[in-house]
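Below are two complexes that have chain A in common, paired first with chain B and then with chain C.
And now, the complex of A and B:
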């Protein structure tokens, strides 16, 4: 289990002003973060740019040390037992870096496998297994510089799995990939978790990806975790549930009064506007009150032109958080 | 030991495919040092080394060819490792340096494996040229043939240690390129590549003995050109070993410090 307890990270960097003059600047990237990741689950890390997601991932993967607080992975401290931790974690970042372009896919995997002490038939078998898993068997002996973006990203995934890590950090793994390749990668990530029991920390700007893959999500802002829950609960809690949209030709006094009573009863919000079809009534409620609303319209002798339910997505929730609505 | 060999072979293969991928590179690795050698040789020619010239006390007119060939052989060994250290910059830029440090691999093994791989790829052509040059035109003492492999061994070891040191410096700073530019000319001038160290003033001699190359060239020339015995060069060999140990300790310290620094300010990812 990955356990992050009261972790702070402050970068101290020199900022050059002019000629030989410089000043030291402190940037608080992570402030008092607590989180945990169990093996066999995918945990999402969401936040705006500069929220501290990559810093957190780098600290968990031993590349950065926390300024204070502790991070343990299966009981091993990432600072004191860094070498032991390194053998059970790996990181995959999006984009086209982190590969040797003049080497073939196989040569890249051989090199990175060697760094983890793998060699001989063990390494060969592992490489063949991973290449087939990411669908690169045919391109295995082609230099990476001739790969498409999707192929490079798939090779990155294979590279990140070369040491069969127990915990994997995925930092924007589908960045810039087309829809079908991204979908295949998501399926593969699910397989890693559900079949192989790996613990995965995922950051992504594609919120649908987080919603689809993650068991739990942490939302970071300015280096702090401001919310933590399942994607479904987060959406529900932030956006206050579904939006029921009803179009009617008119609103009489009876309907108006009945709807207001219903809204008050369920602590919901109502917005009335007009569109091409008629009058649009949008009701936002934590509880599903579709039946009651339809019944009220019927009892008020008003015809119903159309009805549809808008289910908010994680993206809506994050936007609301950003706008300070929540 | 098996792990060290694995890392060495991994670095060797990687360097080969990354930096030595065309025959033109090998061609340039032969032509460039030969041009350097002839440029130095013909620079000496117009100067009088026969009579009371201070240089003639240490290198006779007949010995200039051999003297320079050995000097440039050593210099090319060391210089090729400077080039290998420069390749740390692309490692940073492509993010692979961070991946190396993400793994539990021995950092010293990577650094020395990398240096050794680049050395062997970078110098073998000029080495063949030098051996042939010494054989056909040099004044080698026949009874000291054993000295050639010994000197070569010392040259390789010291060059790899030097290369490891330079690679480690590049770990420390992405702007280390300036250091190499500063060190390149003093290495050529003070380590006895073109000018015998005894000719240098005291302060120059002091700088000379900071470079392991100075000791190797002295040993090499004493054995190959003057026919010195192992006993006669033993002091120099011991001095070289001390310098090598100091450089290994320094390299190890720099790597640890660089990794620690990088963990504090994330500098390994900057390029």
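And now, the complex of A and C:
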């Protein structure tokens, strides 16, 4: 289990003012973060640019040390037991870097495998397995400089899995990938978690990806975790439920009164406008009151032209959070 | 550590095979040639092939050409080893692979040694090439003590390796290769006794030359080749060389740990 307890990270920078004069500035990148990740689950880390996501991931992967607080992985401290932790974690970042372009895909994996102490048939089998998993068997002996962006990203994934890590950090893994490659990657990530029981921390700007993959999501802002829940609960709590849209040809007094009573009863919001089909009634409620609304319309002797439910997405929730609505 | 040495050696070898750095080899050979030519012309034309007694007193030999050729050869060797090792980290940083190295539990020294040992494949060609050129100018190695010379050469290479760790840390800290390496290389060429004995330098520069492994390496190497000396006969130089190697190694190792943290923070910020 990854356990982050009261972790702070402060960067100290020197800013040159004029020739030899400089001033020291402190930037609080991470402030008192608590977080946990169990094996066999995908945890999302969301936030705006500069929220501290990458810093947090790099601290968990031993690349950076916390200024204060502790991070343990399976009971091992990421600072004191860095070497042991390094052998059970790995990181995959989006983009085309982290690979040697003049080497072939196989040679890259051989090198990184050696760095993790793998050799011989064990390494050979692992490389063949990973190359087939990411669909690069045919291009295995082609220099990486001739790979497409998607192929490089797939090789990155194979590199990140070369040591069969128990915990994997994915920092924008689908950045710049085309739709089909990104979809295959998401399927692969799910397979890693559900079949192989790996614990994954994922950051992504594609919120649908987070919503689709993650069991739990942490939302960071200015280095602090401001919310933590399942994607479904987050959306519900931030956006206050679904929007029920109903189109009717007319609204009589009976319907108007009955609807107002219902809305008051369920502490919901109602908006009435007109569109090409008729009169659009939008009801936003924490509880699903579709049945009651339909019954009310029926009892008021009004015909129902159409009905659809708008389910807010994580994107809507984050936008609301950003705008300070929530 | 051995697996990391082997892996890094192989990786760099594959990259080298993919694109052999002809220009670098030719550049080193030409540098060596110009240095020997420069010393030869000064000796023959300016000094008319004559040396005063002080040269013999300081070097124990009157063979200036051999003195200069050996100086130039080891100097070019020092530059190559220094650059191969010290630039390895900053190259990883520039090509975006530094984090993958630091992410792994691989030995850092294994990584640097792998870089150096592979680099020595090319450096060896340059070293032999410059020595061969030296023969045309009058290099005389008839007095050589091959075993002592070989051991001294290995010690010299490791002293440059240690010095390169410090240089590499400075390069990564300042994210600069050009100014840092050229300052050191020019200084080494001037004060380490490459073309003339350091005793000709002002006292304060002589003190400065004592922090350069090249200074003591050259004294010991020339002793084993020009005078056929045993290792014991250059005990003082070898002792200083080992002491400096140890100091540079420890400082370099310490600085690299500091730099590793610093650079990873700068990349992330």
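FYI, the second predicted complex is superposed on the first by the 326 of 326 C-alpha atoms of A that agree within 3 Å, B and C clash if a C-alpha of one lies under 4 Å from a C-alpha of the other, contacts with A are read in each partner's own complex, and residues count from 1 in each chain.
Operating definition for what follows: a residue touches a chain if its C-beta (ideal position, glycine included) is under 8 Å from a C-beta of that chain, and two chains touch if they have at least 3 such contacts.
Small disclaimer: the values here were computed from a predicted structure and weren't measured.
Asks: Taking chain A as the common reference for superposition, should the pair chain B and chain C be classed as clashing or as fitting?
Replies: When both complexes are placed onto chain A, chain B and chain C end up clashing with one another.
Asks: In the overlay, answer first, second, both or neither for which of chain B and chain C A:87 touches.
Replies: Both: A:87 reaches chain B and chain C.
Asks: After the superposition on A, what does A:31 contact: first (chain B), second (chain C), both or neither?
Replies: After superposing on A, A:31 lies clear of both chain B and chain C.
Asks: By the touch definition at the top of the document, which applies to A:144: first (chain B), second (chain C), both, or neither?
Replies: Touch partners of A:144: none, neither chain B nor chain C.
Asks: So, A:119: does it touch chain B (first), chain C (second), both, or neither?
Replies: both
Asks: Contacts for A:238 in the overlay, against chain B (first) and chain C (second): which applies, first, second, both or neither?
Replies: In the superposition, A:238 touches no partner, neither chain B nor chain C.
Asks: Going by the contact rule set out at the top, does A:192 touch chain B (first), chain C (second), both, or neither?
Replies: After superposing on A, A:192 lies clear of both chain B and chain C.
Asks: In the overlay, answer first, second, both or neither for which of chain B and chain C A:45 touches.
Replies: It touches nothing on chain B or chain C.
Asks: Please identify the positions on chain A that touch both chain B and chain C, taking each partner from its own complex.
Replies: On chain A, the overlap between the chain B and chain C contacts is residues 11, 13, 55, 58, 61-65, 83-84, 86-87, 90-91, 93, 97-103, 107, 110-112, 114-117, 119, 159, 163.
Asks: Per the contact definition, I'd like the list of chain C residues that touch chain A in the complex.
Replies: 3-4, 6-8, 10-11, 14-15, 18-19, 95-97, 99-106, 261, 264-265, 268-269
Asks: Give the list of chain A residues in touch with chain B in this complex.
Replies: Interface residues on chain A, with respect to chain B: 11-13, 55, 58, 61-65, 83-84, 86-87, 89-91, 93, 97-103, 107, 110-112, 114-117, 119, 159, 163.
Asks: For the complex, which residues does chain B have touching chain A?
Replies: Listed in rising order, the residues are 2-3, 6-7, 9-10, 13-14, 17-18, 21, 93-96, 98-105, 110, 260, 262-266, 268-269.
Asks: Taking the complex as given, what residues does chain A use to touch chain C?
Replies: My answer: residues 11, 13, 27, 29, 54-55, 58, 61-65, 83-84, 86-87, 90-91, 93, 95-103, 107, 110-112, 114-117, 119, 143, 159, 163.
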